[in-house]
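In what follows, chain A forms one complex with chain B and a second complex with chain C.
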Partner chain A sequence: MNITTERFKETARQELANAHTQKFLQILPLRLASRRDSAYQSFPDPETAHRYGQAVRDESIQRLPELLQVFETNAITNGARVFWAEDSRAANGYIVELAKRQGVSYVTKGKSMVTEELGLNEALAQAGIETWETDLGEFITQLLQRPPFHIVGPALNIPVEQIRDIFLQKGVIDTPTTDPVALGMAARRFLREKFRDLQMGITGVNMAVAETGTVINVENEGNIRLNKSSPRILVCVMSLEKVVPTLADAMHMLRVLCRSATGQAAGAYITLDSGPKRSDDIDGPEELHIVILDNGRSAAYQDPKTREALRCIRCGACLNACPVYGKVGGYPYGWAYSGPMGQVLTPALQGLGKTGDLIRACTLCHRCKIICPAGIDHPSLLLYYRYKDVVGDRALGGSGTGWRERFVHTLLSVAGSDHRLWRLLAKIARLAANRFRSGDRIHSIPNGPRGWFSSRDLRALPAKTFRERWAQMDQKRN
Partner chain B sequence: MKRVSLFIPCLVDMVLPHIGESTVKLLRHLDCESTYHPEQTCCGLMSFNSGFRKEARRLAQHFIRVFENDEWIVSPSGSCVNMVKNRYMELFDDDPVWFARAHDLSPRVHELSQFIVDHLGVEDLGGTRHAKVAYHESCSTLNALGVSAQPKALIRSVRGTELVELTGADICCGFGGTFANSFADVSTALVRQKAQYFLDSGADLLVMCDPGCLLNIQGYLDRHHPGRRALHLAEYLAGSIGEKAQVAT
Partner chain C sequence: MTDQIRHRILQRLQGAERKNVAARPALPTPRENHLDAAQLKDQFMAQFEAQGGTCYPVADRGALHDRLAAIFQAEGITRAMATTDDVLLPLDLVRWGQHSGVSVVMPPDYPDRRGFTQAVFDEVQAGITGVDFAAAESGTLILAHNRNQARLVSLAPLVHVAIVPATRIVGTYDTAIQALFTNGRRPSQVSFITGPSMTADIQATMFKGMHGPQKIVALVLE
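So, the complex of A and B:
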């Protein structure tokens, strides 16, 4: 998919002016967040469950190279075929080639952010292979050709009238309706046809279990289960950080994942696949292909700090907690991953060249860090990226900084190390700012912080600093 | 009697010095002896948050030199306390000598309300002030320092004061330092929301523990809702004990 991370501010402005987006954002993230909070209360000890999940992800990432090898060995023993894809091109190439070799004319897909990352649908289309998204939300965004608005609910923001219109246009329904149930049933009927003679299904992976070689998917619509059980060939695409050590670890991660994502104790369908159909199985795919995607992750792994972004389990809880996401929604983040998880993951994979706004579009409120079931310290990571960007770090593709900003911070640090100079600077700043006062307010400063004054005043700076007032208080006392 | 070293953030020193004065007044009321190092400048928060670590280190080293012999370091700013208490160690993570000095300093730095409630063991200042108050949970204070019960207990203890419910009390006001300027549209949407929740709460005053939030929220109120007031917890509490403090002087 197209990366538009560098247009964050522009897209954010559009979304802030979009009345529908704003109305929607007033309701949904808050509702999801409160559902998550109450679901967590169903743990006997929520805080311990939270920390246990973080510990599982900690171990998973620390042991990542070894766990991946164990996973591969066990998956192969189970009869799966494992393909290591270095980048999107390799992954798409493998899948397209497989589809062509098998002579399939179309594939179905379960919702997966990793295939959004790959731009797999576009790659298949170029090879003349049709793709049908089978998750209702993803189906809608596919028909509308929109990027996902939320990693858990890609079409959460689409008004029902728009769904009606596109369904009519694409022949999913014949008679107009805005009844959500009727629309859902129509999509189900439409997609059921695609499953009937399905040759090849593609899904993402929520978790891969090293000790058993199992891939696990969580969903609420049953479409992933159909994707996995009805075709002759099943392709499961996983980004390489999805592995966990044991089945017991996976069970705990499912508990925190479902609670964090949708406020459920468990998703309606949780599917575990250990290899393709065996001779005594009644159904299942004849071939199971597991594509393990790197796409910059090994490089990110080299740096113990950026490695932290790989802990993410894609629950989306940080999106619902984030004040910035809560105002601008998912589009400004410009790639498959939005909200705080996108802000830490996208720069790790894409570098800092186009993500300068992404790493700064944060007030450092820490809510994401507190809510994260994987134990990511997003604020700390964003501060690290900012540092790497300012110094023009080569590995991350930092772009350095303008002379003006550098001058300000150099001046701050020089003056701040000598309190006499600091006082002088403070005095100059006060005199300069107060030149623009009207009464006791400053409404704007020419060539000053325009963004600040676009909606806020500043009170005229007081004649005496605290230090000067302290000297007087001190004198009075003695 | 505790001897308190005042950590007055640069923003308070230059822009909001009355918060510093209120802090002194409160500490005097609590029988603490305040000291103030006139050599203090800026903790480096802004440089650190902007990615200028080399510059932030220089400021942090200056801060540590100035404060490292003090036993109780108290500041009326959650975000600056978080910087010194938690971020300094991150800033010096590859410098064992300065890391150790930052690590050593960390447990001695306290946010004002936390110091009063947790370390002085005082939850009631004995003041009186007739007002309906809403409390804004500043992000650094709440999420980074875990301080929330303390300021609310202190507000509740004031005779004649009613602490009212504030919708979205723990949602960011949109300040975020340079964020407020460089992402002005998003920041404005957030501060507008905060102001609206404040107006809806029916409170007379919006009280908080961070001068950054205060600058932002008051700046927005001044422009769009003149006459409505936000103020720092220290100011609110100092106002409630007005007379007794004068007697004590």
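So, the complex of A and C:
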């Protein structure tokens, strides 16, 4: 998947002007957030359940190398084949090769952000293999060639007329309708044919259990279950941070995940797969391939701070809590992961070179941090990224600061080292800045700091400084 | 090659400076652990309905057969597939079907996988299964799939009827999972089923039966 994060501002501006997006954003995040809040009340002690989940993720990440090896050993004992992929190319190569070897003409997929990250559909298409997204929302975004708008509902923002038109065009329906249920049922019939004759299915993974080598998926539609039941070959792609220590931990995380994502006590279908089907089972995959994907994660792991982003369980609760997401929606984030989740993950995986606006599109309000079931401190991570960017950190690809900014900082530090010099320069600066005042505001200063004036005015500077007024008051009192 | 990459990834992870693992807070005992059998059954049934399923208690085999006949008649179902699990076998559904005008087939009726898949997708209108457990915490059916519990029977048809022996209702997932994964046993697949197949992906309009069953019925057998 191409990263378009460098167009954050441009896309955000378009989305802010899109009446349909705006209408939708006024309802959806609020509704999901309130559902999440009331679902949490079904825990005997919501706060402890929340903190317990955060501790599970903390342990999973701190013990990651050990847990991954235990998971691998158990998965292989269960009869699964495990492939370690260093990057997208390796993962796509493995899956494309497998599909070619099996001679399949098409594959189906469950909704999975990690395969969006890989750009797997494009890789398969290049090899002449058709891919069908089977989650209804992903199916629609795939036909329309759009990125996901929201992790829980990738096509929630798409007007029903557009869905009608693309369904007509692609032969999913014969007679036009704008009834969501009729459109959904048409997609069911269309995709059912694909599932029935399916040779190879591909899904992501919500959790991987170290102690039993089990991969777990959560869903509401049943398309992932069909992907895991109907074909002879099943590929489950997991980013390497998905592992949790035990089945008991997984059960707790499932409760937390479902409540955080959609406000449900449980998704309609949760499937736990430990190896392929047994020889006398009539359905299920004969081969289960588990792709463990690195793609920059082991590098992000080196730094205890960026490592924190790997705790994420992709529930999407932070999207619904975020005041910025609530205005611009999912498109500006420009990659598989949107909202605060994407703001902490994308820079860790893609570096800061293309993600400069992402780490600044945050008001540091802390709502994401409070709601996060994985215990990620998004605001502090974003401040850390900003710092790394400003100092031009090599590992993260920080861009550093321009000569003008550095010059100003040097000047300030020299000026600040001597109080007489400081006062003199402050006097000059006040006079200079006030030359551009209009009324009691300064709207811009030619050749001045453009960044500042792009979104704010400066109040015209008063004639006297604080120190001068203080001295005056002292005089009067004496 | 693959081994080298595996080694490289693990080495990078192992080489990183690690922090101490945070202590876990003490979780309170789940409410369900304080319930007796009758209360668990009540909670399961209430939760199952809250999740969009329909639930009927049935006193015995005869009552179950009658209820099943009534459901199938109301839904206009004349062809169903039943699994061969240990809950269903004693119920002799094939014979019941002959008396009730429902043709009941089972996965072993098909000589190969292809024939079975075709039938479960295209020929039957309902799937009937037993359950390994039912969890009261969220009204969830728990099925361990094996040769007697084919995966597609509870998934591909538009209606799923599950027979839930009251003795198999447990409080939380944990009890079920411990039993299913005991002594190193690892079922190839375990499904948690909570309500019908659902989506709200178009304009947040909720509807049932997206890919799996549109209707899910539990008959709780004493």
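Quick notes on this one:
Rule of thumb we're sticking to: the second predicted complex is superposed on the first by the 400 of 478 C-alpha atoms of A that agree within 3 Å, B and C clash if a C-alpha of one lies under 4 Å from a C-alpha of the other, contacts with A are read in each partner's own complex, and residues count from 1 in each chain.
By definition in this document, a contact is a pair of C-beta atoms (placed from the backbone, for glycine too) under 8 Å apart; a residue touches a chain by one contact, two chains touch by 3 or more.
For clarity, every value in this text was computed on a predicted model and none was experimentally measured.
Judged by the touch definition given at the top, the superposed model places A:Ala12 against chain B, while chain C stays out of reach.
Of the two partner chains, chain B is the only one touched by A:Arg441; chain C is not. In the overlay built on the shared chain, the residue A:Arg469 is in contact with chain B alone; chain C does not reach it. Of the two partner chains, neither chain B nor chain C is touched by A:Arg314. By the touch criterion defined above, A:Tyr387 lies against chain B but remains apart from chain C after alignment on the C-alpha atoms of chain A. Of the two partner chains, chain C is the only one that A:Phe83 touches; chain B does not reach it.
Between chain B and chain C, more residues of chain A are touched by C.
Of the two partner chains placed by superposition, A:Lys109 touches none, neither chain B nor chain C. By the touch criterion stated above, chain B contacts chain A in their complex at residues 8, 10, 12-15, 17-18, 20-21, 24, 36, 38-42, 44, 46-56, 58-59, 61-62, 87, 90, 139-140, 143-144, 170-172, 174-192, 215-216, 218-220, 222-224, 249.
Against chain B, the residues of chain A that register as touching in their complex are 9, 12-13, 16, 323-324, 326-328, 360-367, 369-370, 380, 383, 385-391, 401, 405-406, 409-410, 412-417, 419, 422, 426, 429-430, 441, 443, 449-452, 454-459, 461-462, 464-467, 469-471, 473-474, 477.
The touching residues of chain A, counted against chain C in their complex, run 27-28, 31, 44-45, 48-49, 51-52, 54-56, 58-59, 62-65, 68-69, 78, 83-86, 90, 134-137, 140, 153-156, 158-160, 163, 180-181, 183-185, 187-188, 191-192, 195-196, 212-214, 220-223, 225-226, 228-230, 240, 247-248, 251-252, 254, 264-278, 280-284, 292, 294, 298-299, 301-302, 304, 307.
Of all residues in chain C, those touching chain A in their complex are 2, 5-6, 8-10, 12-31, 47, 51, 107-108, 110, 113, 116-118, 121-122, 137-140, 145-147, 150-152, 155-156, 172-174, 177, 181, 186-205, 207, 209-213.
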